[in-house]
Each structure stands twice: as C-alpha cells, then as structure tokens.
Amino acid sequence: MTSEVITSEPRLVRSVQETQSEMTELILPNDTNVLGNLLGGRLMHFIDLVGAMAAYRHSRSNVVTASMDHIDFISPVHVGDLLILKSSTNRAFRTSMEVGVKVWVENAVKGTVRHVASAYLTFVALDRVGRRIVVPELKPATSEEMRRFQDAGRRREIREQEQKRRRSNQSE
Amino acid sequence: MTSEVITSEPRLVRSVQETQSEMTELILPNDTNVLGNLLGGRLMHFIDLVGAMAAYRHSRSNVVTASMDHIDFISPVHVGDLLILKSSTNRAFRTSMEVGVKVWVENAVKGTVRHVASAYLTFVALDRVGRRIVVPELKPATSEEMRRFQDAGRRREIREQEQKRRRSNQSE
Amino acid sequence: MTSEVITSEPRLVRSVQETQSEMTELILPNDTNVLGNLLGGRLMHFIDLVGAMAAYRHSRSNVVTASMDHIDFISPVHVGDLLILKSSTNRAFRTSMEVGVKVWVENAVKGTVRHVASAYLTFVALDRVGRRIVVPELKPATSEEMRRFQDAGRRREIREQEQKRRRSNQSE
Amino acid sequence: MTSEVITSEPRLVRSVQETQSEMTELILPNDTNVLGNLLGGRLMHFIDLVGAMAAYRHSRSNVVTASMDHIDFISPVHVGDLLILKSSTNRAFRTSMEVGVKVWVENAVKGTVRHVASAYLTFVALDRVGRRIVVPELKPATSEEMRRFQDAGRRREIREQEQKRRRSNQSE
Amino acid sequence: MTSEVITSEPRLVRSVQETQSEMTELILPNDTNVLGNLLGGRLMHFIDLVGAMAAYRHSRSNVVTASMDHIDFISPVHVGDLLILKSSTNRAFRTSMEVGVKVWVENAVKGTVRHVASAYLTFVALDRVGRRIVVPELKPATSEEMRRFQDAGRRREIREQEQKRRRSNQSE
Amino acid sequence: MTSEVITSEPRLVRSVQETQSEMTELILPNDTNVLGNLLGGRLMHFIDLVGAMAAYRHSRSNVVTASMDHIDFISPVHVGDLLILKSSTNRAFRTSMEVGVKVWVENAVKGTVRHVASAYLTFVALDRVGRRIVVPELKPATSEEMRRFQDAGRRREIREQEQKRRRSNQSE
C-alpha cells in the first residue's frame, strides 16, 4: 500500500501454531438473501476476518489485506447453518504474509460437515501511523507446514508475474 | 418458555466433545463505547451465541436461551483485542441443557491472554413449530467432565429454589 | 476493572427518579433466529444498554458493565413484538452502582403485555482516561425505593461472598 | 400505497394515551460520521421507528410509512449523548394516521437537555397480505390533544393540495 | 447548527455535474419489516446518505444534515428489489446547500422501474473542528438546472417563513 | 452449487448496458479498523453486492456467487472517503455469468480519484426453490465489450483447468 518500510530489530521467528485462528459463525437471517442463502460477500468478510487474525497473531501489529487469490464457493450455506473457519500463516515475506483459510459448513440438525471454500490471502503489517513494518519469519515445523511454505513461495511468484503482465497491458 | 413437550424415540447419548464450540472475535470500533471499551451487552451477545452453538450441536435442533447465571466482567476488553470464547454442554436435563462458556481476551500486540468472564447458560430445544422437545443425554467421559456434570446438577437446584422464592415473594 | 480511584469533591446526592430510563424496541427480522424468536443475546444487549443509561444518568460519566446477576427469560419474544425496558439505580456504592432493569413484551396486535425478564447489573464509573471515579450517593425517597436500596446491599454481600468462594476454589 | 381497502367491523375508538411511545438511544460510534456527529439519516430512522410504534399501537396492525413533513435538525447530536424520542397519534383518518414525534438530546455528563427536532409522519395500516385496512378512530381527551387533532386536519389539507399541485406540474 | 462562520478565500464555483451522486441498494431481509416492506426509516437513511454525497462533493468538506422537506413514499419497496438513488446540488447559499434526491425501485425480475420518492435536503458544511464554513457557489448550466436553482430559492423562502411562524408560535 | 438445471424457453438476449450497475458508499467508522482503514472484507462485500446487481439484472432471477478471481487491493481506503463501484456482465454461459467490477476511491476533500481494485466474479442464477436456471445470452455491442467477452472465455478455461488440477491433487 505505502512504500516506506521501518526496519526493526533482528527478525523474530514465529511458528505456524502461534498463528492458528478459528471462528465459528451461526448464520442468521441477517446474513442471507431472499432465498436464505449466505451472501457471498458476507462469507468473504468472515474469511478476511479470520485471515487477519492469523496475520495479526504472526506480526503482532495492525494488518491490512493486500490481496486474495481465486476462490470457489463449492457448497451453499443456508440460514441456521454453522460456518467453521480456520486460518494460519503459510509464509512470511519481508513486510507481508500469506495466510491460508479453510471453511466448512456444519448442518447441526443433520450432523453433516461439508467443505465450502479455501482461500489464500496476503496481509501487510503496519505500525501505528500506517507505515509498513518488517514481520517475524515463519519457521515451518511439520512436513505439511513445509509443503504449504513452499507452495506459498510459488503462489507469490505467480502473483508477481500476473501483476507485471497486467501493468504492461495497461501501459500499452 | 412453552409448556408442551414432544416425546421422541429412546434418548440418544452425546459426548461433551461433540458439543465443544469456539468463536474468536476481532473487536472493531463498531462494538465499543466512546472510550473504546467493548460494550457489556455485545460481550453477552457473543457469550449467548457460542453457548447456543454447544446446545445446538448437543440437541441438533433449534434452541432458545432460558437463563444465564451471575456473570462478572473481570478484565476490560478494548478495540483491537481478540476475544476468544469456548463452550460445551455440562449436563442435559429433559428438555433443557446447561452450557458453560469461558472467555479470554488476547492482546496480540503484547502477546498476552487474560480471563474475561465465565458463564453458565441454560437452553431449551424446540421443534420446527416452537414446541419443547426431549434432548439427548450427556455422558461425561473424564473426571473434569464428571465434576462439571455434578456442579450443573447443584446449580440447577439453586436456580429452582431461587425461582420458587421469587414466585412466593411476588404472590405475597 | 482498574484499581486506581480518583476521589472528587464532597459526594453529590442523586434521586432514583433522576436515573430512570426507558427504551422501546420494535423487534425486526434482524434481531431473531430462524424461528422468528428474539435472540437471547440481543435481549441481554438491550438490557445492558438501558441499564447503562441509568448508571450514566446517575454518575454523569462514562460507565462500564461490571456484572449481571442471574437472569431468567420467562416469556418468548417474537418478530413484530414491542420490547419495553425500564431501568433505575437501586443503590450507589463508592465507585459502582447497582441498576435494576425490568423488561416486558407487548403484542400490539393482541393488545397484551407480559413480563419477560428482570435483571440486576452493576456498573463502574470511569473518567476520560478510564480510571474509576467516586459516584454520587443515591437517596431513596419512597418505601419501594428504600426496599430496593436495602435489597441491593444484600445482593452485594452475596456477590462478594460468591467471588471469594470462587477465588478460593481456584487457588486450591 | 395500494388501493384496495378492507372494511372491518364498526370502528373502534382509541385514546392518545394508548398510542404514546418512547425510545431512548445511547449514541455509539456506530451511528456517527467522522466528526462524531449523529448521521441525519440515523436520526430519521429513529424518528420513523418511534412513530411507527404509535401507529402500531393505534391500529394494532402492521404499518408502513406514507409520508414525513418538513423537518429541521435544530441541535447537533454527538457520540455519547442520549437521544430521547416521544410519539403519539394526533389523528386517525380512514386508513391512515398522523403521528407526532418530538426528539431531545440529553448530555448526561453536563445534565442538559435540548430540543433536536419535531416531526409529523403519516402511516398506513396493512393486513397480513399487505392490503390497507380501516383504523380505529382517535378521540382527543384534553385541550392539548384537541389542538393537535385539529392541526393534523389542517396539515392533511395542505399535504393534499401540495400533492395535487405536484401532479399537475408533472402532467404539464 | 453552530453560529460561528469561517470566511475563506474568494468563493469557488462548482457545476451541478461535479456534485451528481448515485447509489444502488439491493434490499435485504435486514432492511425490512415483518411483511418484507422496506422500513421508511431505512429509506430516509439512504436518501440522507446520497444527499450528503452531493453536498460533500460540492463543498469538499464534512457536512451535516440541516433539514429535509416533506416527503411522500409513493411506491412500496420489497425485499429483493433494487433501490436506485440519484442526487445533485440544486443551489448553494452561504454556508448551506440544497440537494435534490430522486429514488426509484427496480424489480429486476419483472424488469420494471417505478418512482418511489423525491426529497429536498439542506446540508451545512463544517471544518475539522465543527465550525460552519462558506461553500463554493453553484453555477447552473442548463435550463433544467436553472429551473431547479430558482425553485431552491423559493423553497428556502418558504422554509424561513415557516421557521419564523413556528418560533413566534412557541414564544406566544 | 446444485446440479439440477431447469431449461426454459428459447434463450433471451441481453446487452451489456442493461446489466450496468453502480454503487457509491460513504466509508463510515463502522466499516473500518482501529487505524481508520476500510476492512478488506467490507470491500469484498461491496464488490460482491454490486456484482450481484449486474447478474441479477442480466438473469432477472435470484443469483448466488460461485467464484471470485484473484484480487489486489492497490490503494488504501480511509474513513470519510467515497467508494465508487461499477459492474457489468462480461459474458453469459449456460447457467452462470461472469461479471466485472471496478472500484475507485474518491477523496472529496482533495478532489482526487484513485483505482482501488478490479474483480471478476461468477454468479449462478436460481429459481424460487433454488435450482439452477438457464440465463439469457449476452450480446457484446462495442469492440471493448467484445474484448471483455473473449477475455471472459479465456478466464473460464483457466478456472476449469485450475479446478481439475486441484481435484486431481486432492484425490492423489
């Protein structure tokens, strides 16, 4: 967002576990359209909030959303359902972090749980006056965490290539 | 709330674990007063929601709040804090359940977590037209769950005595 | 909440009447669950707001909720109902006040009014930087106000005993 | 709104007192603009709600807002203020009612109360499928109520003349 | 609202076009009553917001609502409808502006659009500490804009006469 | 979302213009974090709403969000800013539509407008009981509309390839 970067002390190290966050939402009439379906934008709002929690716990500073990757809404969510959202940091770059979010819908009456969506968001850490700050490193501990760490690196490259392509299209 | 009770098949049995629920809330300016303190009523609203989730998962039916025991707000909660709420069913009676809720506040910047409040709520299970229904039994598995199960029985007796006392005061 | 107390000039005296507050809420779809029942947590939120008004009028300073006593939800409230809430200060202690709240539901179509809940809350008065301040005394004027004043003293003793009991349980 | 009218039994009679309604709102950050001023539209929303309560109590049926007369916002309202709104029915016509609303702002810290706005709204009563229904008559009891009753008649004539004028302007 | 006025540099001139604003709202269950009708107060809130946008673009400063003229709700609005609101400044006075708002409802399923309401609001421009400031002049460009400019002058006279009449009534 | 498809009469044809939608939002304290920055999730919610309007106008039926492509938040948005969102349908497939959304932030005080984000969403049209229905075709009229139409086809291929890749990863 802004270009200034404040360099702080030798970078701290954070584990994936320290960043894990979880939200459960009971879907109320307030969150739905005329058919009783959860609004897509409400779902994105919940995803952004639980993602921000992981980035907040990682950076221990205010964060703002920088991007969200392609997201599919696989299963519909209805009024009365429980929405379960889990997040954790996949990788920390210099002043930004990639966070993964996974969402399930639980129909407590039927006792069923289905996968709704998976999302990758990047967040940027800010100090109290809104300048970007360097975030702690993430140290993956398990092979699953290592796989996510490496995938986050690949996704970052794709994002940067895409950004370059879009900018060159605009300047033509 | 309503007096009709629908008796269903032989009662199912539910474990405490099946009812465990967890919410995390990022406190936004929207939730606070002029001083940036979380409104007590917003906190009670979150406690009621996470409590309802445990009762919903226990009964697999719609639930309504029947009562909440005395609650102290031990630590203040500020805008920017994370609120962590956990709930589970302590005991099932015939058509009602006692749910325990515990709340912590996390200051992600400082990395501190403090206890905010503990609450006991009772919920009643309703069918689709709003009549009370019989709920599954709760089977405590650990010694901790057994202690909560027995305490819930004692609290119920106190509630019933209190209710009688209040009614007799009113009829005087 | 916080331990510092700012002592001000010789304590003012307030009458119960000066603190009386009243709210009426039209229950909208927004406030209800799938069955059209008012959410318990929304009701607690309204109770906390109307209680805070009485404490605000008593102390003429910002207030935060310190506790709420046991509360029963006696009658259900539905979408389209009117909720009537009345509050006044029962007694002032040094930096806290006990407020009583009574709630009725009016079905304007049928022209009926029923009692929904009664609640006792304590509030603490804060100055602009969040420190506890001494509040005016409450001077009961009628025999009814005197009864409430004395009951508030008894309830305070019970709360303090309960708090001690819980703390000693925790330290065992 | 709709043209069908359902004629019911011999018209009931309602007193002004039966329709009196009162709301108090604590202005939270949520209701204000960047300067901490209550948004004009939020204030109109509160006025409409308290007005609808009086019309609802008068007609004992669902109501929709048909019009609001010119309104001046005389005093500013700030975050932390208490807003006090009072309403009652001034006169009932065949299927509509004129309701008067008066609004004050109380600064509880300073102990001051100022007049914010006065408004006249008309509401139409609807049955369950949305057709206009005949409402009870209003019988003024005091000389003040009689004055409002007569003023409401005059305001209605002005509204009807204005409406004709606007329609003839449009058809030119 | 407040009486102090800050005089700034030689007054700028703004065109009607620079102030034109447009909002579209999808009516959700959240905005409606039990019958699924848009609440009158929600509609007024949307009108105030889109009106404030035109005044904000005209004055390039914070604005507060000073008054709204008589408004009729001609067509009902239901859940699932699209509400289309357009506003522009009609005339600038010294520290206030008259803004015109027109509202339509679109039933996207049927492909119909109907006129819902027209409103005239006045807004006052404020500096950062809440004092009234002088606003740019409005220069009408088309004959339609000139007609609105002149009508705004006439409406202002009527408002001032009405205000005098009300004040003299109060002082009697 | 659901697999059943209801085939209707010979497909209608819709122009891009018929689907164009526009929203303006005044960013209030309610929409922001502690630093006064618009929450990423609120922005996504607005993008989803304005996108749904274009799909609603295209299909003239209820719609639900099926996916959103990668989105970058290029410029920060602050409390007091105006957010301008424009949408139109890029291409209709059998039961789904791709909608393009572009977002700008206007600082009315400074008179500046900056690009905030661009998004591509797909929506699915549903009948009253929630089954997918065939939507009208989109006929691009200008060369710009034709370019978007063709790009939408390419983006769809990429989405389908990505979906296959993800599914095969999961089944490994």
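Note that the chains take the letters A, B, C, D, E and F in the order they are written out, and that residue 1 is the start of every chain.
Keep this in mind: contacts are C-beta pairs under 8 Å (C-beta built on N, C-alpha and C of every residue); 3 or more make two chains touch, one makes a residue touch a chain.
Computed from a predicted structure; not experimentally measured.
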If each step moves to a chain the current one touches, what is the fewest number of steps from chain C to chain F?
2
Could you name all chains that are in contact with chain C and with chain D at the same time?
B, E
Out of B-F and A-F, which chain pair has the most contact pairs?
A-F
Using CA atom averages as chain centres, what separation in Å is found between chain A and chain B?
30
Rounded Å distance between chain B and chain E, as computed from the means of their C-alpha atoms:
47
Centre-of-Cα separation between chain C and chain A, whole angstrom
40
Flagged in chain F as touching 2+ other chains are 29-30, 33-34, 39, 49, 52, 62, 80
If two chains touch, include that pair; go through all of them.
A-B, A-C, A-E, A-F, B-C, B-D, B-F, C-D, C-E, D-E, D-F, E-F
What residues on chain F touch chain A, complex-wise?
1-2, 33-35, 37, 39-49, 52, 62, 64-73, 75-76, 121, 126, 128, 130, 159, 162-163
State the interface residues of chain A toward chain C in the complex, per the touch definition above.
28-30, 79-80
Partner chain F, residues of chain E touching it in the complex:
21-26, 49-50, 52-53, 56-57, 60-62, 80, 82, 106, 108-111
The chain E residues in contact with chain C across the complex are 29-30, 32-34, 39
